[in-house]
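Presented sequentially are two complexes of chain A, the first with chain B as partner and the second with chain C.
So, the complex of A and B:
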């Protein structure tokens, strides 16, 4: 990119046309997207400081009520210093339990033990924060639940997509490759509503799966409206978003480098961790970001498979803008959610990966 | 030459069987859905014999037909506008240099990363505010003259469709050597001719691919549409959601099967069109790599553009 631009600048006279004003090309589209995304986004921030109007809408009277409700007032009665202690204990316990597999994995992959311990500590911190957020108030609990379920979905998606990406890219015939890819893309192009409904139908209490279970002489299982159903739905709807970028990255992996590493005596797990993973990292980052952002803001999956009223952030938003008619409170939740999402994106995706993502 | 170690054969077997499982996971729920849309038994997941009565019932359902017509109309209009705006945007970002380019780029890709649910509620607030003010301006006689409906859905759909078109077109602009366009202009073609004769034919697969993506996204969109559709205008996903939220019935299976079939057809159509267009293109212009920027490459580019300009009627 840089080289091309420099060359264009150096070529002098022939570049005049390219230095023409961008405004006429840029203005209509940019304006349209700003009207639909930037201005309403700013409006949401303004609404979060206003007074709710009965039956929806706002009264133009400034107040901090909504933010106080989310941050301070909505606190659960039992949330106190005891919760902090419990969260700390939970974090330490999680880190201790997680340390066994992470240290073993670090050893196996030929990494330093400290990295395994560091990862276990990170998981422990996450568990502690999750415990705190779940116990603090209903809003933070919904946020924590959405994030944790989406993280689970992301991990499962990686585990399913990685072997598939390797499998497709290691086919030698281009026809087979294309057929396998199209089979993934069909799922990608199918309406989210239909995909979610397919899972709902399959798992229903009197659905085909339960009939099969009964025919085998076992008891019916309640699948719907459980955490399992929601995470399964998140994985089912988001998996193509992990497979496609990961496949694109796997396709670019230099097989010769992996062979060389193997010839130089690296064990297979080391080849995987030190040669393969760094090469597919950009695709992996794109996939993780896509799956996580899609999952954490899912509305259809928690509504159709979770059943409850405030399963995830999207349900909370719909409740405030719909039945509860507290638009400022909903606006505050939406503003907080956007800030958290964009901050998370900014922190996890570097500039390089951003280029890759776009 | 390379000795296959048993551990590797085991790894390949594991990868292969995991992949098969992923495909089973993808297709079993949809296959079951399709199968049971032909199920005679009204309730439950038990097979009661083959029938197509649920499909014929669909075509008598006026609400569903109206919703489907709305969806198609909205998708066609949104795609048409988005293809023009998105192509213009990608040309501006990739072929022009201007101040604030990075910022413009980030705004353009906002629809790709912004959570849909936030966009939905933000648009609900925005439209009810602006439409309320406009109704006030129109005076008391026209109470609620302007309401949310097809126009607001189209405005919202154009925005995200534009972003996705820009994304797809830009990736095909990146593979087009700018020296082709420069050469055309050196030979006296103005910017307009250069675009129609050189740039557009070369990025056509991207433009068509973007258009089909935009069409599908508009047709399938649920969350944003849910918040900006008024009582007057529902789209197919909104109507179907209303039904399947309440009940699990063979009719819902039938309509879901039809939607699944339609999107599969769209995908196949997209792939066929893209491969045809890119084959035609590769016959017309010799592909040039963007890397070699020397005299010889420039000369070849000039020649290629020359032949192309003269070769067209």
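So, the complex of A and C:
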């Protein structure tokens, strides 16, 4: 990533000739990437076309069985049209309710109304998908659930990380800044397994949180094995990956530009939307991609906080590679999901942000 | 008073700004007239930028009131003030094109699209960037970015345009061109300009009036000629141009003239200085510009119209367009005379270092400051 950007900066953006002559220098990096990413990726794809061997592994005999199985399991329905209708209704209701604040926000920020409506529609679609994903338990539902929950985690991470990043970068003393940044990273020092167990302990039916709730005179709440617990775990795990790039981006925000916007008549929310967000956008993009990719492939969190079974994609993979000993099917699921995730990111992350990422 | 007629005025009334214990601006009073080009001139840390930021609203005065266009704007947030700023670093929005930058102020005020487009083009024409609307600020030179910053501010037709050292990031040649450009814009727009600078040349060449500031206070407010020819304080005299400063004590005088005793032992009559504060015994500094100092062989100065002193020529320095002579007075104090070189002859005749000379100046060209 950095190497490519440095090369671009050095070439001053002038011409591909320089970049071509730099190709030999890039060779070790490219070799590394191919050993670490391309070859294993290709191997997974190859395995998905092989025959499963009893007790794990593959028989080198080509077949389309795994892919046919995926299609079949993706379509298998354990809920009726009623569920679909309910999901649609829920989507429409969500969009309608969401439209009020989003359109108001669009008006307030001087944007087109259609942008507000579009955002409301997106929220509605997500709600509908979410509803379907919790009603069904076929492969499509697992895919959808992984994506929606990860999106939720990403949104929550943005909401938590943005004020925090601004807070850290607005500290005047570098000592304070470093101390806060270390505090953010300190969670990396403990094994993720331990941390996830800790959350599990906190949220347990007889855990501290529920004890507190009971002490307040309320009924105990079931947190574990719910969507709430999984998303909380995803947020907890991925939050530093949102804070750090956002912090780096907010550090580069020029106060003068925000003041200039203010000076030109922009109210504080407009300054935020029109100047601040575009300026931190590169960092935001990095954070979004990192948090989403990390969350969508999470295994520990859905297993320990979501009750295992087939919560998210990683659980499905575990099931195929572990219990079912169907490696080709697992490989096919992994390959398909990688392609879907990559295509999704490619389509949703804008051109300029993609350059920023590379 | 009629508010309409006051459009474009700025009035600072006993404005003080403290940052913790440090006093950045100390009880400043300033009345800026409508349509005036006024400069706040002073060294860094003198409080000029803080003063400007209290007009734009980015700093709140600790004490005192700020009036803009006849209205008390002290508690008005920046985005509601009828002023716009040009920032030292330009502060252009890098993610927007030049046209989008210029349109920003009108867009956030929800002006209709055709109006915005028309005014953006007009304003880009005004700053001679007609064909640059679709470029991004990063693709422009420093001078062009400067014009975009100007266009982005003036398109809003503010009552007052605030400029915070807008030329300091440009190289010398561009700076000179932009000086002319700013003066032209000021004439065309008939807008009040408040210009902050540490560069005396900028202030002197462009301003109607200059407020010279130091340590949070305005030392002198006046036209460039006033400031240059009749500095009110020692700081002003020292800060603007080169000046000779002679320590002296007032020994007498009346309403029109003041007699002083120089540290060199010479007695001089300064006329017409009728300052009531200059009572006998007060120590003062006599300031006189080197260009005003005559340098002749002994006895060469008409003492009726001139103040004159006796000394020894220590050094003659040829500077190309002028020659600079340094004279030592009786007590060793030095006095500098500068004369333009004309048609190749030596401006100080046959004088050579070591010669006994007379130095002097026409009555009224020297100032006494405290």
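Miscellaneous remarks
Convention: the second predicted complex is superposed on the first by the 262 of 358 C-alpha atoms of A that agree within 3 Å, B and C clash if a C-alpha of one lies under 4 Å from a C-alpha of the other, contacts with A are read in each partner's own complex, and residues count from 1 in each chain.
Here, contacts are C-beta pairs under 8 Å (C-beta built on N, C-alpha and C of every residue); 3 or more make two chains touch, one makes a residue touch a chain.
Predicted, not measured: the structure shown is a model, and the values here were computed from it.
In the superposition on chain A, contact is made by A:266 with chain C only, not with chain B.
Of the two partner chains, chain C is the only one touched by A:274; chain B is not. Taking chain A as the reference chain, the count of touched residues is higher for B when chain B and chain C are set side by side. Judged by the touch definition given at the top, the superposed model places A:254 against chain C, while chain B stays out of reach. By the document's definition of touching, of the two partners only chain B reaches A:191; chain C does not. In the superposed model, A:108 makes contact with neither chain B nor chain C.
Overlaid on A, the two complexes show chain B and chain C touching the same residues of chain A, namely 259. Chain contact summary for the complex, chain B toward chain A: residues 2, 7-8, 11, 14-16, 18-19, 21-23, 25-30, 32-33, 36, 43-46, 85-86, 88-89, 91-93, 95-98, 104-105, 107-119, 121-126, 128-129, 132, 155-156, 158-160, 162-163, 166-167, 178, 181-182, 185-186, 191, 194, 216, 219-220, 222-223, 226-227, 237, 240-241, 244-245, 248, 252-253, 256, 259-260, 263-264, 266-267, 271, 290, 293.
The part of chain C that touches chain A in the complex is made up of residues 56, 58, 77-80, 83-85, 87-89, 91-95, 104-105, 107-110, 152-153, 156. Taken in their complex, chain A has these residues touching chain C: 110, 254, 256-257, 259-267, 270, 274-275, 278-279, 281.
Residues of chain A touching chain B in their complex: 3-5, 7-8, 11, 14-15, 17-23, 25-26, 28-30, 32-41, 43-44, 47, 56-57, 160-161, 163-164, 166-168, 170, 182-187, 189-195, 197-202, 204, 206-211, 236, 239, 243, 259, 268, 289, 293, 296-297, 299-300, 303-304, 313-314, 317-318, 321, 327, 330-331, 334, 337-338, 341-342, 345, 358.
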